[in-house]
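My questions all concern the structure below.
Just so it is clear, A, B, C and D label the chains in written order, and each chain counts residues from 1 on its own.
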Amino acid sequence: MYFDTDAGGVVHNISYLRFIETARTYLAISMGMSFEEIARTQIHPVVVRTEIDYKAPARLGDILLIHGHIGTHSGVRFHVEFEIIRPSDGKLLITCHQVLALVKMPEGHVIRLPSGFPDSFTLTA
Amino acid sequence: MYFDTDAGGVVHNISYLRFIETARTYLAISMGMSFEEIARTQIHPVVVRTEIDYKAPARLGDILLIHGHIGTHSGVRFHVEFEIIRPSDGKLLITCHQVLALVKMPEGHVIRLPSGFPDSFTLTA
Amino acid sequence: MYFDTDAGGVVHNISYLRFIETARTYLAISMGMSFEEIARTQIHPVVVRTEIDYKAPARLGDILLIHGHIGTHSGVRFHVEFEIIRPSDGKLLITCHQVLALVKMPEGHVIRLPSGFPDSFTLTA
Amino acid sequence: MYFDTDAGGVVHNISYLRFIETARTYLAISMGMSFEEIARTQIHPVVVRTEIDYKAPARLGDILLIHGHIGTHSGVRFHVEFEIIRPSDGKLLITCHQVLALVKMPEGHVIRLPSGFPDSFTLTA
């Protein structure tokens, strides 16, 4: 979309993080997360660290594919990995690693991950 | 800023609405609104209508000047007007008219404007 | 998505314009517009006026439906209409009317609409 | 600003990257970069990696202070560090490390840093 690009003629570095948040949300929904549950409990998934490598730029109108994967977790934090690929030339554009926690709002307390939190989960969007 | 521009090489149409929201916030603060008061009362200013005309484009790095003006109000709605000007050539880039209301969250009820709500107020940023 | 909401607990007024731009792009693509053609010719569709009415708020996780419609056009401007509806309760949240032109970049000249520009075209996304 | 917050009631994780890009731009301008020069040469500063740690959340209306620092550089990449602090309670909210390169558009070639590129430069905004 135009609003994802900048005057350099390519997708702006911040826009990929919106794509990744969208993929992360689909990942969470397919794992059983519900926004109604979040609104009721006010326990929100919160990003505590992002590492993102920009390997090649996307351009206006490129169709992109995002692979998401939930990896290891400790008692309070879980890790997700994303790759953004342009299928038209098979190019790997972005790799991203994020660490998240569950936070009870408005207090801002970190919550222990529920037992049964998955060790691994993969989605492509 | 780069994130305000798009692949057409100019400022994206949606970015001006962020500039205007920023100016509107400064206007509200200079009229005595406080975010602490909003957080405490959960009465939020809410945009109910925007009309914006894009007369000429801004480019990466342009310094812009915004004039804001609070105009007439009825019992529950108030009107604000904005102009965005590029001082380097004096060009008028944007005119914008917004209608706002005060809304009590989370119920979403529209609140009557307090007595003493100003009839007119102007700010340049 | 979280990034579409604000501290009032509802979808931020500017986010709807991203939804509408996305719908407008799908509308344009289904009419035969191609981003490759835009990149080659540097003739970009440009919004010259937006009118948007916020009738009811969407909340985090709401599924929304957008109806888009290209209406009348003069020699250099064309009009599009959008409605955003929440199917779960049938509520009309947003109506939006935009006026666009085709602009040749980087000169910024407005281009006459090509003959055969459609008089009417509708898409739901 | 409202558009920087989300339904969790705090500043959205992506918004800090806009604050940092704004600070990075001021840093670049105070080092002598000019947008006119970028437009003329089409040599753009491009983020190739971001690491950001979210240590504590900001809320609607918080006044934030950003420290930026340009650190070491190799022949083609340079490193910048940012800290975002809330002066009202002295809390460190964000630390961020970015790696950038200079890229000639539209070809997308990475350019060698000019001789005289500073070894260190600090700005607070």
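In this section, contacts are C-beta pairs under 8 Å (C-beta built on N, C-alpha and C of every residue); 3 or more make two chains touch, one makes a residue touch a chain.
The model shown is predicted, which means the values in this text are computed figures rather than measured ones.
Student: Drop chain A from the picture, leave everything else in place, and list the groups of chains that still touch each other.
Tutor: Once chain A is set aside, the chains that still touch form a single connected piece.
Student: Please identify which chain has its centre, taken as the mean of its CA atoms, farthest from the centre of chain A.
Tutor: B
Student: How many angstrom between the C-alpha centroids of chain B and chain A?
Tutor: About 31 Å, centre to centre.
Student: Can you check how far apart chain B and chain C are, centre to centre, with Cα atoms defining each centre and the answer in Å?
Tutor: 21
Student: With chain centres defined as C-alpha means, what is the inter-centre distance between chain A and chain C in Å?
Tutor: The computed centroid separation for chain A versus chain C comes out at 26 Å.
Student: Considering chain D alone, which of its residues make contact with at least two other chains?
Tutor: Residues 2-3, 7-10, 14, 18, 21, 39, 44, 59-60 of chain D touch two or more partner chains.
Student: Which of line, ring, star, complete or other matches the graph of chains that touch?
Tutor: complete
Student: Which bits of chain A are touching chain D when the two form their complex?
Tutor: Listed in rising order, the residues of chain A that touch chain D are 7-10, 13-14, 17-18, 21, 39, 44, 46-54, 57, 103, 105-106, 108.
Student: Under the touch definition given earlier, write down the residues of chain A that touch chain C in their complex.
Tutor: Its residues touching chain C are 1-3, 18, 21-22, 25, 34-36, 38-39, 44, 59-61.
Student: Which part of chain D faces chain C closely enough to touch in the complex?
Tutor: Answer in residue numbers: 2-3, 5-10, 12, 14, 59-60.
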